[in-house]
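Below are structures written as structure tokens.
Look for chain A in each of the two complexes below; its partner is chain B in the first and chain C in the second.
Moving on to the complex of A and B:
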């Protein structure tokens, strides 16, 4: 579904991504793990069009989307749950979700998807009128994922959903990610520092180190890999 | 009440108020008339700036610049263009037509300039944008000052007095209706999203560029219309009427009213226009407040900002206020 080929991204003179290639097959969960500053967020933002690629190609369903502006990326079926959640603090939960469906016109479909979101995250339903900024960190993460789902994406980009959340809630959120993948068949590209959780739910994994992919493989195989265990699993 | 019909009902109410005010205010003395007129014009300015600063979160300090473009545009239209088009209009029913066309003319020119000013807002934020827009306002003023055919710093005099109470408050009603409709719609949520978190808005598929420029264009249009109304009431416009202080005055109304709260901003516009005039005649224990009324005005501002930094009406959920007693659920932070 998604193919990234020899992607380079620079911030001014700094080279953040140095020629990475990876693929995300349809209906799969692929994870990109790496330490702080490895370039995970940069990769996702380049796919969303928020950051411009210096060279290389991004193909989505076989089409080149490398230089498409971000507001069109959403229309073609890619949405993002951004790092740090980026909830609209002054909009209510409901308004946040509606913003997720901003590009859609099918009122009935929107309603159905909203119900699905409330089904998997009942806590959001209880807080429907609450301002996004007053939600707890975990609730904001749920909202960010639900909001991204509201555009009915075929590819969902998840940037560190575990960031700053209690372990128990992280577990719940990862279960929900698997559930969404199973229920809706949404393809997922998950970016994580929490390698243990990510490798646990992903099918395929890539290790990103300072802008380069150094390892890849089946997620369960990588979890057994000695280097990965040492560097990312703290074993 | 039907949700769709309600804004139209409010608009109708606004127009009725405009009629009522014009019937009432025509009879009062000229000094009070001027205050009421200024209140209306400031309401238009504040409500339109609120779209840029309050709803979209762009810090613009150049609103008086847009106002001046509209004022000059409208004055040029009614004094130079309209006579050729409509013949002798003063004192006839045609003067309303001339005014309307003049306001439109000034507003459109102002909106076009709004595009130009909106463009830097795509790259700049916060303080930087404030400086650029401040610069814009001053540039406009200096340019006008140096065009002899616009009267230089003496400005344009003998502009016909076409502005009536009805026109001013009719346009207040239109502005309020328009901005409410715009921001309450699904499309309009985009403005709030841009203010709240621009990158997130972009990630949701919001064309942030378009919203930012649009806010500037619409804001500039109505500021231009307000300028036209001002010129056709004051009968005289000078570049100095539209200086940096005027922009600050409008900003203060928006901040005090509560960024993004239309009714709060209208109230603040009325209050801040009235208070300095009220203090002018105020006397306590034989002390006349006239000479240091601006200090008192500033003091009131400071006290208000310290006690209600979110603005008079900002952060108030009117629906919630109606349901006092029932406790609202607050998040478990």
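Moving on to the complex of A and C:
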């Protein structure tokens, strides 16, 4: 579904992504794990069109989407739950979700998808009129994922959904990610520092180190890999 | 007492006009985080649009309220389009540049409008007399207190426009997108919001409100010239800062405050201080509460 080929991304003179290639097959969960500053966020921001690629290609359903503006990326079926959640703090939960559906016109479909979101995250329904900024970190993460789902994406990009959240909630959120993948068939590209959690739910995994992919493989195989265990699983 | 009430009425009606201008400053600041220093000059152009279009409109529509309303709409539309054009040509190419660059460009646009306006075959540097859109009559007068029809019109038009703006910003999809964008631009893009389009729309609305303000202002003070936007523009800017720049209700509140302070000073102290008091207030806010009276903590240098 998504193919990234020899992607290079620079910030001025700094080279953040140095020619990475990876693929995300339809209906799968693929994870990109790596330490601070490895370039995970940069990769997702480039796919979403917020950052320009210096060279290389991003193909989605076979089409080149490398230099498409961010709002078109959403239209063709890619949405993102960004790092740090980026909830609109002064908009209510409902308004945040409506913004997620910004490009859609099918009122009925929007309503159904909102019901689905409330189904998997009942806490959001209880807080529907509350300002996004007053939610707890975990609730904001739920809202960020729900908001990204509201565009009815076929590919969902998740940037560190575990960031700054209590371990119990992290577990819940990861279960929901699996549930969404199973229920809706949404393809997922999950970026994580929490490698243990990510490898646990992903089908395939890539290890990103300072802008380069150093390892890849079946997620359960990588979880057994000695280097990965030492560097990312704290074993 | 009557005199005091009279000053309040005069102050609020002046404040209502400032509010229409201040809203543009604050909305544009909200989405782009910079002060559009050309805003006062867009206001000035609004007065000239009325000046030039009135003879044409009154020919077909007569000289009643309908024409006055058509002039108001024409000024709003013209200013709205001018605002969108300025953003597109002058500010958009600088989107990722330092704010100071954009700020200096805004000053350049301001000077461009002021000095192009003074060319003879454009508007001319001399004062022109704005047409009488509505015959002035006293709606109420007696015991030293008077309320002119022009003041009633100012109140009605300003309040209707502010209510419409409120509905637009709070209830409509594009209005919510405008607020979302002012909270987090890249998150707004990730929602699929075409941010450039929302920014254009914001310039349109903000500038159209300045066009409405110009029509009301020129009805009340019918001598117009290409530099007429400078002082009202600065005062409305002070009002927006007083209310907390970026804050829409704050801009309205600040404008009524500035308008009243100005007429009170003119009435009770001396008309020579009416401008000075506004800038005195600006200095006080910047010293004691730079985020404005209704503003939130964080202050950004502009």
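Throughout what follows, the second predicted complex is superposed on the first by the 235 of 235 C-alpha atoms of A that agree within 3 Å, B and C clash if a C-alpha of one lies under 4 Å from a C-alpha of the other, contacts with A are read in each partner's own complex, and residues count from 1 in each chain.
Note that in this section a residue touches a chain if its C-beta (ideal position, glycine included) is under 8 Å from a C-beta of that chain, and two chains touch if they have at least 3 such contacts.
This one's a predicted model, so the numbers in the text were calculated from it and none came from an experiment.
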| request: Label the relationship between chain B and chain C on chain A in the superposed model as either fit or clash. | output: clash
| task | Check the residue A:31 against both partner chains and state whether it touches chain B (first), chain C (second), both, or neither. | result | neither
| task | Have a look at where A:103 lands relative to chain B and chain C in the superposition and call it first, second, both or neither. | result | both
| Counting residues of chain A in contact, which comes out ahead: chain B or chain C? | B
| task | Once the structures are superposed on A, label A:127 by its partner contacts, choosing first (chain B), second (chain C), both or neither. | result | first
| task | Identify the partner contact of A:162: answer first if only chain B is touched, second if only chain C is, both if each is, neither if none is. | result | neither
| message | Just checking: does A:136 make contact with chain B only, chain C only, both, or neither of them? Give me first, second, both or neither. | response | first
| said: Contacts for A:66 in the overlay, against chain B (first) and chain C (second): which applies, first, second, both or neither? | reply: neither
| note | Both chain B and chain C touch chain A at residues 48, 50, 69-71, 73-75, 79-80, 82, 86-91, 95, 98-100, 102-103, 147, 151
| Which positions of chain C touch chain A when the two form their complex? | 173, 176-177, 179-180, 183-184, 186-195
| Parts of chain A lying in touch with chain B, wherever the complex brings them together | 48, 50, 69-75, 79-80, 82, 86-91, 95, 98-100, 102-103, 126-127, 129-130, 134-136, 139, 147, 151
| note | In the complex, chain A touches chain C at residues 48-50, 69-71, 73-75, 79-80, 82, 86-91, 95, 98-100, 102-103, 147-148, 151
| query | In their complex, what parts of chain B are in touch with chain A? | reply | 186, 189-190, 192-193, 195-197, 199-207, 328-333
